[in-house]
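Both complexes below contain subunit A, partnered by subunit B and then by subunit C.
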Partner chain A sequence: MAEPTRRKSEDIPVLDIENLAVAYKVRGGEVEAVQNITLDIKKGESHGIVGESGCGKSTCAWAIINFLGANGYVKRGSIKFQGKNLVGKKGEELRRLRGDQIAMVYQDPMQSLNPSMLLGDQLKEVLTVHQGMSNSQAEKDCIRMLEKVQMPDAANVMRRFPHQISGGQQQRVVIAMALLNNPALLLMDEPTTALDVTVEAAVLDLIADLRKEFNTAIMYITHDLGVVARVSTKVGVMYAGEMVERATVEELFKSPQHPYTQGLMRCVPKLGTDRSSSILYPIPGRVPPPDGRPAGCVFWPRCDYVRKRCREERPKLRSIAGTETWVRCHFSEDIDMGSWEPPEDLVVPGTVPKKEVDETILEVKGLKKYYRVRGNSLKDVFGMGEKQYVKAVEHASFKVPRGKTLGIVGESGCGKSTLVKTIIGLEHATDGEARFLGFDITNSISARDRKLIQELQMVFQNPDSTMNPSYTVGQQIARPLKRFNVMPKEKITDEVLRLLRSMRLGEKYYDRLPRQLSGGEKQRVGIARALASHPDLILCDEPVSALDVSVQAAIINLLLEIQEEFGTTLIFISHDLSVTRFFSEYVCVMYLGQIMELGPAEEIYAPPYHPYTEALLSAVPIPDPTAKQKRVRLQGVVPSAIAPPSGCRLNTRCPRREMLPDPDICLTDPPWREVHPGHHIYCHIPLDELRKIDPVVSIKEVNHAG
Partner chain B sequence: MLVKDYMSRHPFMLEEDSSIVEAQSYMSEVHVRHLPVVGDGKRLLGLITRETLMIEPGSLDSLNVWEITRYLSGMKVKKIMIKARDVITVDETAAIEDAALLMIENKIGCLPVLSGRVVVGMMTQEDLLVQLCRLLVTRRPGLRVSVSMPDKPGETKKLMACVEKQGWEIQSMGGMPDLRDDTRYSTMVKIIADVSMEDVQETINQIEGHEVRDIRETQ
Partner chain C sequence: MNAEASASNKQKREKREKPSLWKTISIVFDSRVATVGVVMVSFWLVIAGVSLFWTPYDPNSSDFIQNLSPNATNWLGTDHMGRDLLSRLMQGTQVILLKTRLPGGDHSIPGGVAIWGVLGSLILGAILGLNAGYRRGWTDQIIMQVLDALIAFPQIVLYLVVIAALGQGDLVVILAITITGAPGVARLARSLALDIQTRDYIRAAETRAESVWFIMFREILPNARGPLLVDAMLRVGYAIFMIGTLGFLGIGLPPPDPDWGSMVNEARKYIFVNQLAVIWPALSIATLVIGLNLFADGLREELMRYQK
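Right, the complex of A and B next:
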């Protein structure tokens, strides 16, 4: 509805930051972590802030509440909250503002919850201490608020401790707590990054609803363009401590103006577009540290359009005529994103179709992995109680052809990692068969032949915890070469250097220690080490989820390139369905230890879906606000793996159960329905019914970013 | 249509330790005429309005120009504000017409909206006028028709039936007793229809006892 009258006082932004610079005092001077930030957020608006790590996003939020630590301070500029300048405010006044009018939600909910207090007491405290409300009234209000954040069984949650509820629920409690005081401004710093994609989708829906209901201004910090597209009305893109672009969310995704924004768009895989159009182009180089920023435009060393003026003169944040977009670039009008060509030296893998090979390298049949858990009763102490097992993997069967990639997706706790650990031999299989090149691999790694260990290597999610901090990069990579006697001793150094070069790291990295490397570089070393023994199969457990998008794109391309060159087979675990789609030929969807759907990637991402796959796909944040995505949400929480639901394990949460004439059939084991040879769905619902379901994602127009 | 749906949420507020100089400049900066004064947990402590800031010269200890400056700069909001017990407030669950009545009866321009003792919003005369505009859907293209009809049951229904029969869309409607003639009732209807004003006038005039008093197009 057209606004009949806009009042002057309504136009005053809740948060108005002008020309902000934040500096940290360090030994020998000071570092300006954040410079020239200008933004405003009005009531009921949600302002997204995106950028790679180290770009100053969080510093910006901390400056608002003066949470900068002893050595940080606001050097220039003003931060106005409700028209009042916060810079230079005294501690007591700020403390009251933080309690009453500004609330924060951080990435890790356990940082905001006291593990030794009941959740109810923590929530009530907000009302009884600040507002002097009576205990019984506070209890009622808290339960009402918990219901608003869609907490199941709210009254009961009040009497639990934080560790007794799941991560997604913890985050809901934190959001409820933040909203209890009805704040005018809500600062959210990566609130869903640590959550599963299905839980994330529910929390994002919740944030959008609450924004409308409470008319709260939200500052939403994230690294994920998909999340920004879903929750924001306006977006600011930050790079190296500066805001390089500001626009409405539609404008930003339709026509990004700054070369950095365009680069970011090119390095995220998108669901919904077909595979060939979603080639990832990483941004070369990396974010400069605050004390090493170049003169002129901060982005010029990584920019494809750099000219003389960019190196000399720092661009100002200026508005583009006729739009609400602000950009910090001299030449943004001249840059046409559509005519962008990848640089010539960039190797884009994945474009050549792979050769069809029929040889099966890994075959798994009915693989099971149970963990014994001990109960606490007296009977259990004497070993007389009933034996209980966590059924981490149940009846897993699949084949992987040589030179192909199998992607495994699912929520956390679904048994993805256990499956991979069992294959590599870190866990001993409880039952079932697993054959690698015809050898039995159900035994543990210590019983395996060294030759076999050499052929199976692994890349881990967190390169930090898998590298010896006191070994140099060269030593780390040389170790498998020596252990497996891959080549004579005198050639080892040459081989390590060759590997480093193929990882695009260069010889100068040979003598560096892990702490001298960035996250992406560490992951490259991890991959080089896995490759050193020339394995036939590499198992990658979330190799890119801890990395920034631009680095992620580079690592994915690197893995694909390696696969093309060496013909290595890969098993790729990821919770990110867009990455998996881009990366894998075959995809396996797991839920609670059970494979739900297995087949070629193209077919998994199109109907007929397994109801669980459908729910997963509809939860993926898509970096395109115009994309239409169906809203299918799983109810409730993942049941315990000790006593999983009988029959189909999804039956307690299945959104499509009512499609069956007799829903009780779900309590029995479903059949494996074959869609095509090689594509199987584990569900009671007949395939013809499943085929009628519309695709989850439909993208209207051709994406400029592709 | 309750106060909580139409109040200004997250109003501008003051602390009781703010100086009156600060209060005065804050008021003009954010373009409001009333500022609730709150304590811990946004509990209402008082209210500052333009009038409370007009300090009687007689209440000052000295009229020496230099003394006044010093005196005023040290003066805190809590000294001059209307204390919470004297502030007329409205609960967030009240109906908006009740809020309007409160303002008329007490001749005041604003009402702090409370939930318990906590300030959750402000309702001003201006807010109510904004809602009146919204209620009557101003600034949308359509035909605004004022109809005078007998003040007895069933007459509005006749008008509705007539409009519905023509297939016109009703955007909004409002009515009240005719102030000059207590046997009649004035109703205003906004309709969207692809017809001329004359046609509308003619059609409505055909209803017995109904008369179009005014008709105009709105943008």
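Right, the complex of A and C next:
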């Protein structure tokens, strides 16, 4: 009798959510942010929750720990944690539970750690408060835990403040803190989104290892299909507050059932694909706000397969026969992803190779940008100290042919933004040469001719700050037209309307204010503004990285279209290697101010690699759980740009340094090794050695789009 | 696109403008605090308006017995020279809110001394603050150091210096309010500009090589408008206080027209005979200042909420 009962208690999922609905009280009523969520997580399972922003992913996690704020509450359904219902629990009981049994890791580690407390004290507090442990015992346990999360020099880290360690290390500390009480459930809300790709890869490795070791149930929230493919065993796809599909990670990526999931798969570029071999299909429309959801299926206004029943009847989450997949769609059996045809009104850029023009539009030679920094000593106050410089860009040399795209990739702090700012003239170059259309552009913008300024424009990263909130869309696009006297005054309005149409925005946007636009729409206006003066070269500083994937695809397509139509040359900065590969003909890989590898895109993404490129590629999360990816990880942290390592700046972290007979040679400047004309690698390791390295990624050829 | 279409565009534009203006106004009434403030301020505005055309008696003629307490003829009593207090109190609003007397004549321009003074400090402060916040570096250092020195100087002494140099008059009081108010406005404008100039749309303007003044006044200022206006509202309150203080010291607005501050000053000497002659103008100053403060506070609260 005892035997089966124990077995049963083993089977009880750690977390069992049924029909959860969360509502927020707002002015004039309430809004159901999340509806009909059902999911369960067992021990040792990692359940990914994926979806675009505003789909209720975080609300779901907050509901579990009753962190909904003053105006949020669980309206329906139950949240069972180890068999006990959590809904309605308050005060001390919940507080204990949150501390002992459920832990949460947030997106920004800097905001999870108290900047005025030593890391050690913050960590120890978890144990001394919740377990009543003695201080010295807690100290030992904390150090052990820090070692488990692969923190170098753990004992020392205990005596540091949060700002004294890097972002990746901070997130490790937060994870260590979450694991200290050995929680049964770990909620992770985009824990790697704020981190660089190589750091992200290391943290994801860590999470996977810890799950195996501690047998914790993990709920992992992310917007990134690649990340979810790497960390989870099961995935729930959320759309507009509802869970539309739930399946094991392999099933989900092999045969996504819900049209929304299929749409998501179609709009992210796979690593290694480019625009000549594949097309990104954005999902039309946008996620409806919680108070404006349609009747019937929440996805029908954006669905390609919509039928009468979809508009009238809300589908239930139902299991697909013979699989572990649950889907919220009336017709998922009838939908075959392979036979999907893009809707006729969807315009995608052509894949015809562009005309070859052998004109160099921008040539940069040995460009340098140093920033002066002031020290803190008394000598520095009087200006007598030694002058210190942040060496943001060092000896950058490249050429951009007319009508082509140069992608610049690298992690934060690699100098890619500084490089672009120097080219456009927001900063003046410290040294070196830069010629645009044959004119010198090492000076700052105020010294340039207006005609030259007109030919160089920029698209910015953050959609929320790219537009001045005080002016209408029309006024903002008209400004460069007036400024550069592109056309007579009376024609400006017409030109603005024409630009709006070519951005697929329509004339009704003319009088809108920025706050009435979505992120993607703001970005389109930003592109229209940059395009208004008919520039020859547009610099795009991460134009899509703040956008949701379905919108991202639309913006990428738009940029490609523009390039085709106007023959504009683009410089495209991104930290996303898949997007860069998809978008650009030439790629430049930067690390700590130095260009590491430069060449045609397809050659950068195949051996021979620069060791840094190799590490980057192996860190990219690929939205395909079957893809095989080599595990090359960089050790340590990015050194300070004030005193960078001499020679090759990667030499402190290079994973391939042992390949050289004499590793000390890395302390001298490496040669520019030419693989092909136009493909250069900045490394001491001979090319023949580099050629022997296997490709980082091997993807099984499955082409969903047909 | 032809002319017809752009004309219809214009129509659409005008249509949209109206509800948005009404919305802006209605924000005020969403806040109870602001509503109370608006009622108090409007009360004084109405009084000021009425006093332009009608006061119970001539405010400057001694028609009655001195130091009367309130009665049926003189509702608020009379002062030490036998003038009707209600009439004087009513006309006292004019110099603060409605008109400024120009020197050497009977001419006056619309807008009270407090309003012009605050407007002056707003303009001067915004120019200095935007320059400091946007240009940064040396410009910032110099401007802010000078303003800090100005703040460190006792205000009353500053007034005395200005008045000693220029003599008494409405314009001098305006100048005094402008100079003492500008450093505060400049600090606020600077902090707003420091924040706003980090935004990408400022970079976009720079990549168009817009002039520094265009960026400061067309790109930054419109987005700093809200906080600056709320601050200005508070400053009108302070300015009224200042006029009161100056009047009390006898160096404020020139006689014979009444203003609240000098009314308090004159009545002070007879405070043991007639307390009410001090209390009425003091109460008036207090209600108008409190009204403006409540209005500004409520407005700030609502604006912040709408920004989110």
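For this structure, a couple of remarks:
Assume the second predicted complex is superposed on the first by the 688 of 706 C-alpha atoms of A that agree within 3 Å, B and C clash if a C-alpha of one lies under 4 Å from a C-alpha of the other, contacts with A are read in each partner's own complex, and residues count from 1 in each chain.
In this section, a residue touches a chain if its C-beta (ideal position, glycine included) is under 8 Å from a C-beta of that chain, and two chains touch if they have at least 3 such contacts.
Just so we're clear, the structure is a prediction, and the values are computed from it rather than from any experiment.
Applying the stated contact rule after C-alpha superposition, one finds that A:H130 touches subunit B and leaves subunit C untouched. When the two complexes are overlaid on their common chain A, residue A:G83 makes contact with subunit B while staying clear of subunit C. Legend: residue contacts after superposition of the two complexes on their common chain; A:Q457 is shown touching subunit C, with no touch to subunit B. By the touch criterion stated above, A:N215 is placed in contact with subunit B alone, subunit C being left untouched.
Touch criterion met: A:R479 reaches subunit C, while subunit B stays clear of it. By the document's definition of touching, of the two partners only subunit B reaches A:A184; subunit C does not. When the two structures are aligned on the shared chain, A:I12 is found in touch with subunit B, with no touch to subunit C. When the two complexes are overlaid on their common chain A, residue A:D100 makes contact with subunit B while staying clear of subunit C. By the touch criterion stated above, A:S446 is placed in contact with subunit C alone, subunit B being left untouched. No residue of subunit A touches both subunit B in one complex and subunit C in the other. In the complex of the two chains, the subunit B residues touching subunit A come out as 8-10, 12-13, 15, 26, 29-32, 38, 40-43, 116-118, 120, 126, 129-130, 133-134, 137-140. Listing the residues of subunit A that touch subunit B in their complex gives 1-2, 4-5, 7-10, 12, 14, 43, 82-84, 93, 96, 99-101, 127, 129-133, 137, 181-182, 184, 214-217. On the side of subunit C, the complex with subunit A involves touching residues 1, 6, 9, 12-13, 16, 199-201, 203-204, 206-210, 219, 222-223, 225. For subunit A in complex with subunit C, the residues that touch the partner chain are 424-426, 445-446, 448, 450, 453, 456-458, 460-462, 465-471, 476, 479-480, 483-484, 493-494, 497-498, 507, 510-511, 526, 529-530, 533.
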